[in-house]
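Both of the next two complexes hold chain A, though its partner changes from chain B to chain C.
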Partner chain A sequence: MHQRFRGPGLRARIGPFIFHLRSPIRGLVADFSFAYADFPICDESEVSDFRVCVSSALGRRPWRGVQAQFWSDGVSPLGTFPRQLAMPYAEWGLNWCIYSYAHQFLMFHSAVVEKAGRAALLAGPAGSGKSTLCVAMLARGWRLLSDEFALLDPPRCRLLPIPRPVALKGISIQLAEKLLPYSRIGRVFAPTRKGTLAHLRPPADAVERQAEPARPAWVLFPTHAENANTRLVPLRKTAGFLRLEENCFNYNKLDRTGFDALSQLIETAECYELPFAHAAAASELIDSLAERQPVTDLPLDAT
Partner chain B sequence: MVARAPREQDRWTVPDANALVWRIWDDEFLIYNTASGQTHHLNLLAGEALRSLAATAASVRELVSRLADEFAIAEDSPPLQMTDRLICELDELGLIAPSN
Partner chain C sequence: MQPNNLLLRVFADPRSVVEFAVQHWEVLLAQARMANLTARLSYRIEDAGILTGVPGRVLTQFVAARLVAESGRRALEWEVNRLHRALTQAGYPMLLLKGAAYARAGLPMARGRTSADIDIMVPRDRLDRVEKQLVAHGWEPCELDPYDARYYRRWSHELPPMRHRDRGSVLDVHHTILPPSSRLRPDPALFWRSAVPLADGSMAFCPTHMALHVAVHLFQDGEIAGGIGDLVDFSELCRHFAGHPDFWPKLVPAAAELGLTRPLFYALRYASMLLGASVPARVVAEAEWNGKPSVPVRAAMDPLVCRALVPNLPEDRSPWWQAARLCLYIRSHWLRMPPLPLALHLLRKAWARRFSAAPAAT
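This part shows the complex of A and B:
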C-alpha cells in the first residue's frame, strides 16, 4: 500500500468521485488506509476527478518542525502544516476539492443520514453538533451518507452518499466509543485548528451502499448547548429555505438551477430547528419523525 | 443606487416579468430574479403587490386600490399606508421600475 501511494498513486472511489491520491508520508498512508479501508480501489483506466498529493514541504522555518503540504492539480490551498497532522489536513484538502469544483451538485455544509430511503440533513456550521448527532443516528441504525457534505443532484432531487470518515472532535470521540462500541476510530490528533480530532471509519455498510441515493425528507438545524431544551421546532418553508441557503457552498454559482433545486428540496422535506443538550435525546426525536411518517413512496430504484 | 420617492404620476411595473421565478409557501414569497441572480423573501403584502405590478403597471394610488380589494381592507388601513415605502424598497431591489 505504501509503495503504491508513494509511486503511481492510488485511485479510490469515494461517493460519486474518484480521487487519485499520492503521498510519501508513511503516517498519512497508515491513517488513510485505516480510515478508508473499505472503499473500492479503481483500476488505472478510470479517470480520476481529483488528483491529490500530500508531500513533505521544505522547512523554511525549522523551529516549526517537519512540515507537509496538500496539493490538488498544482494548487496548494492549505499552505504548509505539521507533518504529524497530515491526515486531518488531507481530509480538509479533500473537502476543499469538492466544494471548489463539484458544481454539478448543490452542496450544503451538512451531515446526512438515511433510513428506509429517506434522508435527514443535519445542517449547520462547524461546532453546531452535526458530527456528534450523526454518530448518535448511526447508533440508532441509520445509514451514513455523509458527515460533512450534502450533495444534492439537482435534476433528480436526490442526495448522493459520500460516506467519508466522520470527523470526531473533543468529547464526541468518547461518545462515539460509547455509542458505537464496534466502530473503529483512528489516531487522535491534538491540537489541530479544530481542537482534538479523530476519524471514525465509516461503517462498511455505508461504503458498500455508496451508490444508493436517498430522498430528502427532513432538514434539521441542530445547535448544541449544554443547557438547551432539546426539542424539534418546526420551521416555515421560507425560513428553512433561507437557513439552508446560508449553509450552501455554491448556491450563487448555480444560478437558477440552485434556486430550483433548493426549492424542490424544501417542498419535499419538513424543516426543523433542533436545539439539543444530549445527542441521544436529539437522535430519539429524529427517529420519531421517521416512525410517525410511514414510507409510502416507491423504492428509489423504481422511480 | 438609492431609489427616489415615488411621485403621484409615476406608474410602476416589473421590467421583465419572465425574469422572476416565484415560490409561494405559507403566505410568504420567495422570488428568484434571473437577471440579478438574487433571491428575495417577501411578505404577503409585498408579494401580492409585486404580483399585481407584474400583471399590469400601476401608480401608487392604483396599487393601493388593488391591494385593498385583494385583501378586503380599507385603502387607508395601516398596511396600505406604507405602500410608498414598499414601492421604494421594491425599486431598490431592482424588482420594479417606473414604466413611463
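This part shows the complex of A and C:
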C-alpha cells in the first residue's frame, strides 16, 4: 500500500468519491495509511473524482524548513506548508476538493451521526464543538457519517456517509482517548493555525457501512461555552432553515434544487440549538431524542 | 506541432472520447478542471450526441460543473440587469463584452461558460461620469497599491476593477479594447458604429468585432499562457457565425480597418491548428496576406503558443513549458508598453513577487 501510494498512486473509495492519491512524503504516507486503514482500495475500472498529489516543494523561505504542497488536478489551493504538517494540510486539501467541485450534493459544514437509520446533523462553523460532540456520540454507539461535511443527495433527501477521520482539536484529543478507549488516534500535530490537532481513525464499522445512507431526523446547532447551561432549545422550521443555510457551502449554486432539498430536509427534521458546556451531557440529550418515537414519520415523498 | 493534449483533442473532435479508457478520462477531466472548461466540455460532448456513452462518474462531474456554470450565468444576467439600471437607463450607452454579451445574445457557446468578472465598454469621454454613476450604485474601485493604481490610470484601457459592495461581483469598465500605449490602436468609434442591439436593450459588438476582440484579447493583450478558454471562444464564435453570409467575407476587412490583422492571423492559425476550427481557404489566404508575421517570428511563436496555451498538469511541466510562458509573458508586455517603462515595470513586479508574503493557506 505504501509503495503504491508513493509510486503510481492509490485509489481509495472514501464515501461517494474515489480519490486517486499520490505522495512521495514518507511521513504523510504513514499518517494517512494509519488514519484511513479501513477504507477500501479500488482497481482502475472506475474513473476517480479527484486526483491528489502532495509533493515536496521549494518554499519561498527555505530557512523555515522543508516545505510541501497539495495539488489537485493542477491546482494548488493551499500554497506551501511545512512538510511535517503534511497530514493536516492533506485533510484540508481533501475538504477543498469536495466543497469546490462536488456540487451534485447540497453540502453543509456539519458533523453527522446516525442511529437506527435516523441521522443527526451537528452543524456549525469551526470552533462550535462539532467534533467534540461527534466523539461523544460515537462513544454512545452512534454511527459516524461524517465529521466535516453533511452531503445531502437532493433527489432522495438522504445523507450520504463520508466517514473520514475525525479532526480532534485541543482538549477533545484527551476526551476521545477517555471516551473511546479502543480507538486509534494518530500523531498529534502542533502547532498549526488551529492549535493542536490529531486525527481519529474512523470506526471500522462506519467505514464498512459507508455506502449506507441515512434519513435526516435532527438538525442541531451546537455552541460550546464553559459556562453554558446545556439544553436543547427547539427552533422553528423557518429559523432552522436560515441557520442551516448559513452553514451550507453551495446553497446559492444549486438554485431551485438547493431550495427544495433544504426545505425537504427541514420539513422532515426537528431543529434545535444546543448550547453546551460538557460534551457528555449534550450527547445524553441527543440520545434522548433518539429514544423517542419520531413525532412525524412522513413518507419522504410527501410534500 | 499539435501538442498531445486530450482536452484539445476532444474539443477538436468530441467523438474521440468513444475510445477513451479510464486513464484518458482522468487526464481529460484534470485538464478541463485546470482550464475551467469542464461544463463547456460536457456540452461539446453532448452536442456530438455521445453523452450517453460517458462513464457514470464522469457524468456526475459534468452535472456538478454545469450547476456551477448555471449559477454563474444567473448571477451574470442579474449583474447585467443592475448595470442597465445604473447606466443605460440613466442615459449612458454601454456595450457588453465577452461572457456577458454571449449570454445576453443567447449564443450556444454561453452554455457552461464561466467568467470571473463582467466586462463592459463605455465611451472614453464619459468614463469619469460612468465611474461616478457606478459608485453611486454600489460598485467600489478595488483597493490597489498606489503603484498598481497609477499603472492602471497611465497604461491601461480600463478602469481599475470595481467590486460591488453587496454582491461582490467584479466589473471591468473599458473604453477601448487595447491599452492606449499598445503597438496596435484600433479606433473604438468603429466598434460603436457597428454595434448590434440585443433583446433587452443592451448592445454588443457585431459578430466580426466579437471574434476580433477575442483574438486581440488572447494574442495582443493577454499572456496567451493558459488562454485555451479564449481560443475555444474564438473557435466557437467562428463556428456559430459561419452560417451568417456576412461573417467570413467581412472578417479580414474588418480586422484591416481596425489594424488587427496580426492577432486575427494568430487566432485563425491556432484555432485551426489546435482546435480543428474549419476556416475557409479564402479567409486563411486573406489573413496571411494581411497579417502574417515574418518567418523568424512565426518559427518562434508556433512552439511557444503550442506549449503554453494548453493546460499542463504539474507532472507534465517541463523547463521548456516554463520558458515558453515567460517568453510570452514578456511578449505581452512588450506589445503593451514602450521599452523603458516596460523594463521598470517588470523589475518592480519581479521584486514584488520575490519578496511578498507567501499566499496564506485557507
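The definition used in the following text is that the second predicted complex is superposed on the first by the 291 of 303 C-alpha atoms of A that agree within 3 Å, B and C clash if a C-alpha of one lies under 4 Å from a C-alpha of the other, contacts with A are read in each partner's own complex, and residues count from 1 in each chain.
Methods note: a contact is a pair of C-beta atoms (placed from the backbone, for glycine too) under 8 Å apart; a residue touches a chain by one contact, two chains touch by 3 or more.
None of these values were measured; they are calculated from a predicted model.
Superposition of the two structures on chain A shows chain C fitting alongside chain B with no clash. Between chain B and chain C, more residues of chain A are touched by C.
Of the two partner chains, chain B is the only one that A:D260 touches; chain C does not reach it. Contacts of A:R236 after superposition on the shared chain: chain B is touched, whereas chain C is not.
Of the two partner chains, both chain B and chain C are touched by A:N252. In the superposed model, A:T268 makes contact with neither chain B nor chain C. Contact with neither chain B nor chain C is seen for A:T223 once the two complexes are overlaid on the shared chain.
When the shared chain is aligned, chain C comes close enough to touch A:A102, but chain B does not.
Look at A:E46: by the touch rule set out above, it reaches chain C but stays clear of chain B. Minimum Cα-Cα distance between chain B and chain C in the superposed model: 7 Å.
Comparing which residues of chain A touch chain B with which touch chain C, the overlap comprises 252, 255. By the touch rule above, chain A contacts chain C in their complex via residues 18, 20, 44-49, 51, 53, 55, 59-61, 71, 73-81, 89, 92, 96, 101-104, 193, 252-255, 257. Those residues of chain A that touch chain B in the shared complex are 236-238, 241-242, 245, 252, 255-256, 259-260, 263, 266-267. Within the complex formed with chain A, the residues of chain C that make contact are 22-23, 25-26, 29-31, 33-34, 55, 57-58, 60-61, 63-65, 67-68, 70-71, 74, 311-315, 358-362.
Contacts from chain B toward chain A in the complex involve residues 21, 23, 25-26, 28-30, 32, 34, 37, 39, 41.
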